[in-house]
Amino acid sequence: MSARQIFTRPARIAVIAPYLWMGLFFLVPFGFVMKISLSQSAIALPPYTPVFDLAAGWDALAAAFAELSLDNFRLLISDNLYVLSYLRSLTVAAVSTAILLVIGYPVAYAMARLPRGWQPLAMMLVIVPFWTSFLIRVYAWINILQHDGLLNKVLLWLHLVSAPVVWLSTDTAMYLGIVYSYLPFMVLPLYATLAKLPHALGEAAADLGCSPRQAFWLVTFPLSLPGIGAGVLLCFIPIVGEFVIPDLLAGSGSQMIGQTLWLEFFTNRDWPVASAIALILLAVLLLPLTIYERVQLRQLEGGR
Amino acid sequence: MIENVAKRSAPADASGAPLLQIEAVWKRFGGFVAVNRLSLDIRAGEFFALLGPSGCGKTTLLRMLAGFETPDSGRILLDGQDIAAVLPHQRPVNMMFQNYALFPHLSVANNIAFGLKRAGLPGREIRERVAEMVALVKLEGMERRKPDQLSGGQQQRVALARALARRPRLLLLDEPLAALDKKLRESTQLELMALQKRLGMTFIIVTHDQDEAMTVADRIGVMQSGRLAQVATPRQLYETPASRWVAEFVGDVNMLEGAIEARDHGRLTVATEGAGRISIAEPRQPIEATSVCIAIRPEKIKLSRRGPAADIDHADAMNRLDGEVAEVGYYGGLTSYKIRLDTGATLLAKMANTTRLDADAYRAGQHVVAWFAPDDCVALDK
Amino acid sequence: MAARVARFSNFNLVSLTLGLAFLYLPIVVLVVYSFNDSRLVTVWGGWSLRWYREFFQDDAMLAASWISLRVALASATAAAVLGTLAAVALSRAGSFRGRTLFSGMLYAPLVMPEVITGLSLLLLFVALNAERGFWTVAIAHTTLTMCFVAVVVQSRLGSLDRSVEEAAMDLGCGPVEAFFQATLPLIWPAIAAGWMLAFALSLDDLVIASFTTGPGSATLPIRIYSEVRLGVKPEINAICTLIIAVVTIAIVIASLASKLSRGRADSAAPM
C-alpha cells in the first residue's frame, strides 16, 4: 500500500522524454523499413526508388505510392537461398541455445551453491568477460583456432592428433564462438533464479526422503524453469540474427540470415531486399518476442 | 453485531474542541473495505492508541492521517481544517515509521535536520533544534554517525527525534516498538509516555500489542474490520467492554451464556449453560433481550476450599460454583487455574502468587470453590 | 550434516572451474600474445611492448579509438538519463495509456538482432536527410543502451523500501524533491552500473555502428573488424588488451563502490 497517487503525476511527466525518444528512434524506423521493403533498388542516392518527396505534391505522391510492390517478398519466398538462410539461422540458434543450457545450468547451479560471501565475486567473474568487447573475444578464438594456433599446438603436444586440424571456417568454430559469447546471457538469469530459491526447500526434500538427485529433479529444477525460460529467450532471439560470429568463424557455405542481410545491404547495395529480409526476420521472431515481452513484464512489473 | 460506537467517552479533561476530528471516513482497496465510515475525535495532548488485529484497518487510518492515502469519502479535520486532500509534506503532521525509514546516506544530525531544512529555518536555529532533539532522545555523541552504525534502539530514537523536530501538531507512530526486544520495549514505552507528557503533544500510536496500548495510552480505540468497536480508557476497555468481541480481544475472559430468569433490585439472575444460576449487576443500559452473555475476568474469580469466608462483605451475595481443578499454569507472578465446574462449564481463574512457598496452591484434581461478586461480571449482548 | 557438506560438491567445483576457465582462456591467450615480440602469433619471440608502441603510432586506429570513446561517453550519459526516467516512470506512474507499448519498446532492443535495429535506424536517418557520422552513431547507441539502463534501474527500484521516500514527504518534501533527496541516493549505484553497461556496450558495438556511421567516423570496432577480416594482426592483440584492462579496472571500482553504498543502505533499516 504505497503513496501511489502522489507520485503518479510527476512520473507521468518523466515518461515523456524516453517515450518520444523510443517512439522516434525505435518505432518510426520500422515504418521506413516497411516502406523500403516495398521499393526497388536503384543506382541513385538514396539507392532505392520510389522516393517519397512530400514537397512534390499530391499527384507525385500518389504515383510514387503506386510504384510500391511486393516483389522483394516474392523473391525471398521463392529463392532457395533465402529460405535456407532462415532455416539455418533457426537451426543454429536452437542448437546453440540447447548447448548453452547444458553448459550454463551447471555453472549457474554451482554459483548459487557457493557460500553467500563468494557469490558476488563469482558473479563479477562471469560478468567481466561479457563487458570486455564481444568482438575481441571472438577474435581471441581466431587466435586459438588458427591452423598453427594454440589449440592445434596443444593437441599435437598431447599426441591426440597427428596433423593440425582445420578449426577455423567451420561450423564447429561458429558454435564455439556463439556459445562462448552468449554464455553470460544464459548463466546470469539462471543464477538469479537459482540463488533466490530458499535452501530450506532442499533440506525439506531431504527430510522427506529424497536423495540429492531426486531433490534436484523434483524440487530445484521445476522451480528454476522461469530462469531457464528467461535464459533461453535472451539467447535464442539474438542468435537468430547473429552476424559477426558466423562471419568470422564459420565457413563460406550456407549463411545465416544476419550475414545474408549484411551482404545484400553492404555488398549488393540492395536496400529494399535487405529491408524485406529484416521484416520477415521480425515476423519469424514475433512469437518468441511476444513470449519474451510477457516474461519481462511479469518479472519486472509483477504486482503493480 | 458491531455498532458504530460514538466518538466521545467520559472526558478526562474537558479542553474544548477536539484537535482531530475524523468524520465518516471510508476507504476501500479494490473490493476490500479497509476503513468503514469511521468517526473519531482526538483531543489535544492525548496519547491515543489504535488497537486491533492485523487487517482491521488501523494502519490505513494512520496513513490517511499522514497523507499517504486519501479517503474515498469523509472528512479529516485538524484544528477545524479539512486536511483529507492535503499532501503529506504540507501537513503539520509527522510520522514515525515502523522500520524507521532513516536516510542511510545522512548522519544522525542531518536526518534530524532534514525536515527543518525543508521548512526553511535559518541555519543557527536548525543547529539549536537538532541539539535539543538529540538531548531529548539521549543520543548525545552520536550526531555524526550514520544509521548503519547504530543499534536498533538507537535508530528508533533518531526516527523519533526526526519526527518531533518540526514540532508537529500531531505525531503518528506506526508500530514503533515492534522490532525491539521485551525489556527495551517496556522501557521505551515508559520513555515515550514521559516524553509525550513533557512536550504536551498529541500522539497517535498504532499497535497490535494490547499490553503496549494499555500501558501508554490515555484512550484506546479498538478497531475491527474497519470500524471502531470501542473507544475508551484502558480501564474502561478492560473492565467495561462494550461488546463480546472487545471483551475477548483484550485480555483473557470467561464467557457464560444464559437466559435471564429474574430482574430484582438492580440484580439479574441468569440461568447459564453449564454454570448454574449466576447473579450479576444490572448494566447501566438495561438489556432488552431475554438472553445475555456474562463476562468475568479470570483474576476476579477467587478460589478457596469452602467458598468465601463469612466475614467478607456481602459474602452471601457472592456467586459460588463448585468444581475441580483441571489444569494449572505457572507464570511466575501469577498462576492460572482451569476449573471444571460440577455444572459442566470450564472457567479460567488467575491468582497472584503472594507467597513464595506454595503451601496453599491448588493442584490438579482437587475440589475447589470458585466464587466472585456480582459486580465483578459484565453483562453483554450475545 | 552430510547434506550441508555436499552443498558445494565436487561436481559443482568442477563445473564452476571449467566454466570460468572456458570464459577466460581466450582472453588470457590474447593478453599474453599482445606482449609477444614475434610478428607471427604462432612463434613466441619473447616479451616486448612493440605492438603497444605500434598502436600508439597508428593514426587511423587512434582516431577510431578517440571517436569510440566520445560516442560511448555521450551515449552512455544520455542513456543513463533517459533510462532512469523510463525506469522511474514504469515503477511509479501506475497504469497510463500506452504503457504496454512503452514497456514493449523498452524491452525489445535487449534481444532484437542488431542487424534489424541498425538497418531501421539507418533508413530513418536517410529519410530525414541527416548527415551520418558521430551524432547518428551516438543516437543509435543511446537508443539501444537506454533499455539496458532502464532494466537495471527498474530492478533496483522494485526492491527498494518505499518508506524512506514517504519519510521524506512526511518531513516536507514534495514528491519530486523526495525522489531526489531520498530515492536517488539509494539507487545511484544502479544508475552508475547502468551507465557503465551502456558505456561498454557502445564501445563494443560493431553492427549498429556499421549501419549508422558515416565517412570519416569509423569507430574502433569497425576498424578492428576490417583488419581482422584480413587475418590476425598482433597490434590488435595490444588494442584488445588495453580495452580489457580499462574495462576491468572500471568494473572493479564500480563493484567496490556499489558494495559499500549497498551495505550502508541495507543495514540502515532493521530486519
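The chains carry the letters A, B and C, assigned in the order they are written, with residues numbered from 1 in each.
The definition used in the following text is that a residue touches a chain if its C-beta (ideal position, glycine included) is under 8 Å from a C-beta of that chain, and two chains touch if they have at least 3 such contacts.
It should be emphasised that the depicted structure is a prediction, and the values quoted were computed from it without experimental measurement.
Of all the chains shown, the one with its CA centroid nearest the global CA centroid is C. Across A-C and B-C, the chain pair carrying more C-beta contacts is A-C.
Centre-to-centre, using mean CA coordinates, chain A is 60 Å away from chain B. Centroid to centroid, with C-alpha atoms defining each point, chain A and chain C lie 16 Å apart.
Computed centre separation for the pair chain B/chain C is 56 angstrom, with centres defined by C-alpha atoms. Shared interface positions of chain B, i.e. residues touching 2 or more other chains, are given as 68, 87-88. In chain C, the residues that touch at least two other chains are 166, 169, 175. Of all residues in chain A, those that touch two or more other chains are 2-3, 6. If you check the complex, the residues on chain B that touch chain C are 66-68, 87-89, 93-95, 97-105, 114-115, 118-119, 146-148, 152, 155, 162-163, 166, 179.
Looking at the complex, you find that chain A touches chain C at residues 2-4, 6-12, 14-15, 17-19, 21-23, 25-30, 32-33, 36, 46, 103-104, 106-107, 109-111, 113-115, 120, 122, 124-129, 131-137, 139-144, 146, 148-150, 153, 180, 183-184, 187, 199, 202-203, 206, 212, 233-234, 237-238, 240-244, 248, 258, 261-262, 265-266, 271, 274-275, 278, 281-282, 285, 289, 292-293, 296-297, 300-301, 304. Interface of chain C with chain B (complex): residues 161, 163-164, 166-175, 177-178, 181-182, 185-186, 261, 263-265, 267-271. Contact residues of chain B toward chain A in the complex are 29, 59-60, 63, 68-70, 87-88. Here chain A touches chain B in the complex through residues 1-3, 5-6, going by the rule given at the top.
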